[in-house]
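For reference, the structure I am asking about is given below.
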Amino acid sequence: MTQAEPLVSKPSVVAIRDLHKSFGALEVLKGISFEAREGEVVSLIGSSGSGKSTLLRCINMLEVPDQGSVSIDAEEIRLRGRPPHRQIADEHQIRRIRSELGMVFQSFNLWAHLSILDNVMEAPLVVQKRPRAEVEAEALAMLAKVGIAEKAHAYPNQLSGGQQQRAAIARALCINPRVMLFDEPTSALDPELEVEVLRVIKLLADEGRTMILVTHDMEFARSVSDRVIFLHQGLIEEEGTPDQVFGATRSARLKQFLNAASHT
Amino acid sequence: MTQAEPLVSKPSVVAIRDLHKSFGALEVLKGISFEAREGEVVSLIGSSGSGKSTLLRCINMLEVPDQGSVSIDAEEIRLRGRPPHRQIADEHQIRRIRSELGMVFQSFNLWAHLSILDNVMEAPLVVQKRPRAEVEAEALAMLAKVGIAEKAHAYPNQLSGGQQQRAAIARALCINPRVMLFDEPTSALDPELEVEVLRVIKLLADEGRTMILVTHDMEFARSVSDRVIFLHQGLIEEEGTPDQVFGATRSARLKQFLNAASHT
Amino acid sequence: MSDDLAFWLGYLTNGKHLTWYASFQFTIFAALLGGSLAVIFGLIGATLKNSRYLPLRLIGSFYSSIVRGVPDVLFFLFFPLAFEQAVEWLVATQVCTPELIAAQSAAWPPCQAANWYLGTPEYLILASVSLGLVYGAFATNVIHGALRAVPRGQLEAARAYGMSASQVLWRVHIRQMWVYALPGLSNVWMLVVKATSLLSLLQIADIVLWADRLGAPNFLPTVGLVHDDWRWRYYLVLFVFYIIVTLLSERGFEALMRRAGRGILSERTN
Amino acid sequence: QETVRIATEGAYAPWNFLDDAGKPAGFEIELGNAICETAGLTCEFIINDWDSIIPNLLAGNYDVIMAGMSITDERLATIDFTANYFPPDPSRFVAAGSDQIDIAALSGKRVGVQGGTIQAAYAEENLAGANTVVSFGTADQAMADLAAGNLDTIIADGAYLEPVVAASGGAIVFVGEDVMIGNGVGAGLRKDEAGLKTKFDDALTALKKDGTVDTLIAKWFEGRGPYFAE
Amino acid sequence: MQVLLNEIVAFWPAVLFNLYFAAASIPFGFVFAVLLALGKASTNPWISRLSRGYIYAFRGSPLFIQFFMFYSLALSLNISVWKPMGVSWFVLHPLFIGPLVLMLNTAAYTAEIFYGALRAVPRGEVEAARAYGMSRFQQFRSVIWPNLIRLAWPAYTNEVVFLFHATAIVYFALPVIGAQKDLMITAKEFFERDYNAFLHFSVAALYFLAVTLVVFFLFGLVYQRLMRHMPAPPRLRYAPRWMR
């Protein structure tokens, strides 16, 4: 299932090999492999419970996979031990790699006690230890980019959902990540707010940023992605360009899924 | 808007005259009068917030009206004081009258600390002070009638919603009320459970019991009622037999309401 | 060797030690009576706080906030003294003649005839009442909150079927209140238990007083077992005793909670 | 027969202490019983903490104190005493056997006393300036602190200290000069109990005369007396 | 009225002792409590068990007993430990051992409060911190601690009030040095002089009540500052709740 796009010649930024993950008796991921190349936008779709969030969380090791590997820029994240006690082997490595991965959570997870600006500046200051003046300038620029510059000194819970999600995106962007990871960036939002956020993500896609996103919005996946991956029962059931996946669906399961999706 | 039915000759069991009720600045009921005669089934319909529940709750004085009167079996419930401090004047009278009115709440309000059987027996024993043996026999009969005899010794939260609602109906029936009052008896239930409960109510209607019910289910109101009352903005906008109200709607508001109702 | 044996045997035969063991009854009595009274005062306080009449409401709030704003020891010492003095004053108004008052040299009571003797039983009861009053203020808070936690619908249903106000209160409101109040009352109980360690401050020869007396260094065989300062060992015993009581109480309350929560807390089983 | 309640501390051997049965025992208990028998009274001993023993007498919780209490002018201001049943006795200093301590020039030391005793008053007046005075609820507590080295010296009744020093086997020794304070030990009563005081005094006089008091002193305080024999 | 004023003045030196006991034990208790709370939440079973046991023991037994026990324990170690170290006079001084025991005690209660708050820290916010590469310490400083202290503050305020109340029993359990007397001992001595229980105990109570109110006020100010990120900052209410 290789792609005919020029992207194939670019280096792979995220490479996932044979990922397995179980929660107790429940095997959620049963061997997932895929790559995201420089500048590529990959969408993960699939029904609820199919393991999309788990897969995304394995990329930055918020969940430690039971088996398989994750490499960022060809550097494999080192793990040790056997499941279920598999652990991160090198705290320094993972911290360095995590600061290359800008994760945007479904429920934002903004730090409630910090102003928006402080939220955005926290990781660059604390983790990357960059000078405050530089970080502040960049943070303000990021906030302007996502369109909430005037909210810099507000606290998260003074913002609407869409504004919060955009702040969360600014926060992720400000660590200058190689890859942005989005987990259903709009599912907690009402349709109006959704539009605001999708606009920002599209903007990033157009800038050529590498992104992996989990979404329920097929329209959006189609318009923004270079590649779409359909997860089903812990495996990749179908993968390809949006046109291939949505236009020339082969898997019966995916057909059924797309059918159901278009009805809601 | 008198009716041509034979019911008109029967004595009126519930008589409401010019009922007003405000909550703070919000005037919910602006002068409601109607009667329910012996054996009659009256349905109250109207959009959300139109005051249906408030009206029902005024009948057994869970809300004390600001103005107007309620009579049960031609006996007027005595009130005293001026709004907003209007109060029940005679505690003994209201207790006697309340035990003539079997109220079934939208959210059941079964007593959580008592078994289903004890729930049903509580009021007859405590309020009416009837002998335990007699009450127990009758309670079991009521539970059998609504089809949950085998749940007599279960606690309310061990029952499904439909079973709880039927238990609530049995509880109301067991005080041998002159009138049954139902507040949206099915709106908290899923469609399957709804059917169970509607079956029981229909059964009661067929037995010729006087009932006043608030419902959102137009189909049901049509099939079970002798008379339908449409409340709008605190007033009775239209009233008549189901055929008149649903078949030959005059009010524009009601037309709009029925239209909307048929779409959901 | 046999000396040692005789010495340790002393812990089973020595009358002073036996009295010490027996004095646990004071502690247990005070805890049980104090705990029960705390619940009763809590119910009264909460009822006052819920009252429709402003003065009663104020009394309820005043009771629960003032008592809680002051250390338990202070109230614990004050109440028996104040109660004794109040009784003596009342008696004095009846029995004291001017001559008797003139004959009285001490500052209190007004006259000797009005004096009220307090022995261990009286002190024990006063101490328990005192504990009840102090922790009743805490229980008031707990029960007040629990009464408000009972869903309104449960009460409306009772009213709708014609129950009188007191029937609603006793048959539904208070019955359901326990489930919400138990965790807080369990906490109050633990406080009462721990406060029983203060009994010796009221001249009751309780476990703490005996631990001090028996543990003190003793050189004279006539006075008791001869040993150095062993007090910390005796206190360690009490320390462990209280921890065990806490442990058992916790178990007890868990069981109680399961019973009271039947129907309200248990999940659906079918 | 009139019932008289006698308060004692129960922690001041050999005057008063709790015996192996947990009952009050000691010199004052036997003497008290003898007095009551002579005076035709029914007696009952009550245990009360030292520091509240006078207040509780005044409050009427009992009628008499027999707790090794010395007769002092200060106490006479609030309560009455019978004639003494133990003669004026020196208060003495003790220290741990290993310590070198100069009582005559006592300075910068920690002096233990039982709160509310004549020795406490003495220490407060004469020693508090240059030393630290630490007061304890019971004499035994003070003794424990001395034995543990938390005090440099204790000042207490000689008759209380003697058996302790004797039994300690050199661990605790007398130091310095004795101090004469107090007018002997007597039974304390409320001032308005003149009748009771008379009964006690009469009984005491009789018991002193017939040698009972001396016998009891000899029994409980080894090698003391006779004091009251004609 | 004059009597009352005189009385209030007479109690003034005494309240300083209670204030001292509270002030000396609260800061150390706070720090110790944080360690204990983290210990209880630790994944290391031994650290967790030890912290849990400590908290249970100190919350499960009366402070009064703890005073007696620790004083006599310290006393029995005097000859072998404190004396040779030359700290004897210091260790056994009520002004040291009093706050020490109070500190050990309040640390257990506070640790339980902090532990509860620790478990209530929003998981998502901590995950976000992890996702951006923060180390465990950075996570604690940036996210966990600010959340914890906010969640725990109302309960902690209560604990401070009751710690202050607990200072009332220090001198019932420890020897009194010279004229160093706190509110309770003063009230008791005054009472034994003239039997005016209502006056003396009321004035002592008044002092306790006043300090209680001041604590609620000051801690309330802090709370308002802590909660300034909330649209409508919740107010700290006068609500003394538990005692030891």
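Here the chain labels run A, B, C, D and E in written order, and each chain numbers its own residues starting at 1.
What we mean here is this: contacts are C-beta pairs under 8 Å (C-beta built on N, C-alpha and C of every residue); 3 or more make two chains touch, one makes a residue touch a chain.
Chain labels with UniProt names: A, B = Amino acid transporter; C = ABC transporter permease; E = Histidine ABC transporter permease.
These numbers were taken from a predicted model, which means no experiment stands behind them.
Of all chains in the assembly, those touching subunit B (Amino acid transporter) and also subunit D are C.
Within the contact network of the assembly, the step distance from subunit D to subunit E comes to 1.
Looking at subunit A (Amino acid transporter) and subunit B (Amino acid transporter), no chain is in contact with each of them. With every chain reduced to the mean of its CA atoms, the largest distance from subunit E is reached by B. Using CA-based centroids throughout, the chain positioned farthest away from subunit A (Amino acid transporter) is D. Top-ranked chain pair, ordered by C-beta pairs in contact, is C-E. Computed from the mean C-alpha positions, the centre of subunit C (ABC transporter permease) lies at a distance of 23 Å from the centre of subunit E. Averaged Cα coordinates give subunit B (Amino acid transporter) a centre that lies 50 Å from the centre of subunit C (ABC transporter permease). The centroid of the Cα atoms in subunit C (ABC transporter permease) and the matching centroid in subunit D are 35 Å apart. Within subunit B (Amino acid transporter), no positions touching two or more other chains are listed.
Shared interface positions of subunit C (ABC transporter permease), defined as residues touching 2 or more other chains, are 106-108, 212, 229, 231.
Shared interface positions of subunit D, defined as residues touching 2 or more other chains, are 52, 58-59, 141, 144, 148.
Chain pairs that touch one another: A-E, B-C, C-D, C-E, D-E.
If you check the complex, the residues on subunit C (ABC transporter permease) that touch subunit E are 65-66, 68-75, 77-78, 81-82, 85, 106-108, 138, 141, 187, 190-191, 194-198, 201, 208, 211-212, 215, 229, 231-232, 235-236, 238-239, 242-243, 246-247.
The touching residues of subunit B (Amino acid transporter), counted against subunit C (ABC transporter permease) in their complex, run 60, 62, 91, 94-99, 101-103, 105, 107, 109-115, 122-123, 126-128, 154-159, 171, 175. Put simply, subunit C (ABC transporter permease) touches subunit D in their complex at residues 14-16, 18-20, 84, 103-109, 112, 115-119, 203, 205, 212-213, 216-220, 222-224, 226, 228-229, 231.
Interface residues of subunit E, counted against subunit C (ABC transporter permease) in their complex, comprise 56-57, 59-66, 68-69, 72-73, 75-76, 165-166, 168-169, 172, 184, 187-188, 191, 193-198, 201, 204-205, 208-209, 212-213, 238-244.
Of all the residues in subunit C (ABC transporter permease), the ones that touch subunit B (Amino acid transporter) in their complex are 151, 153-154, 156-165, 167, 171-172, 175-176, 179, 262-264, 266-270.
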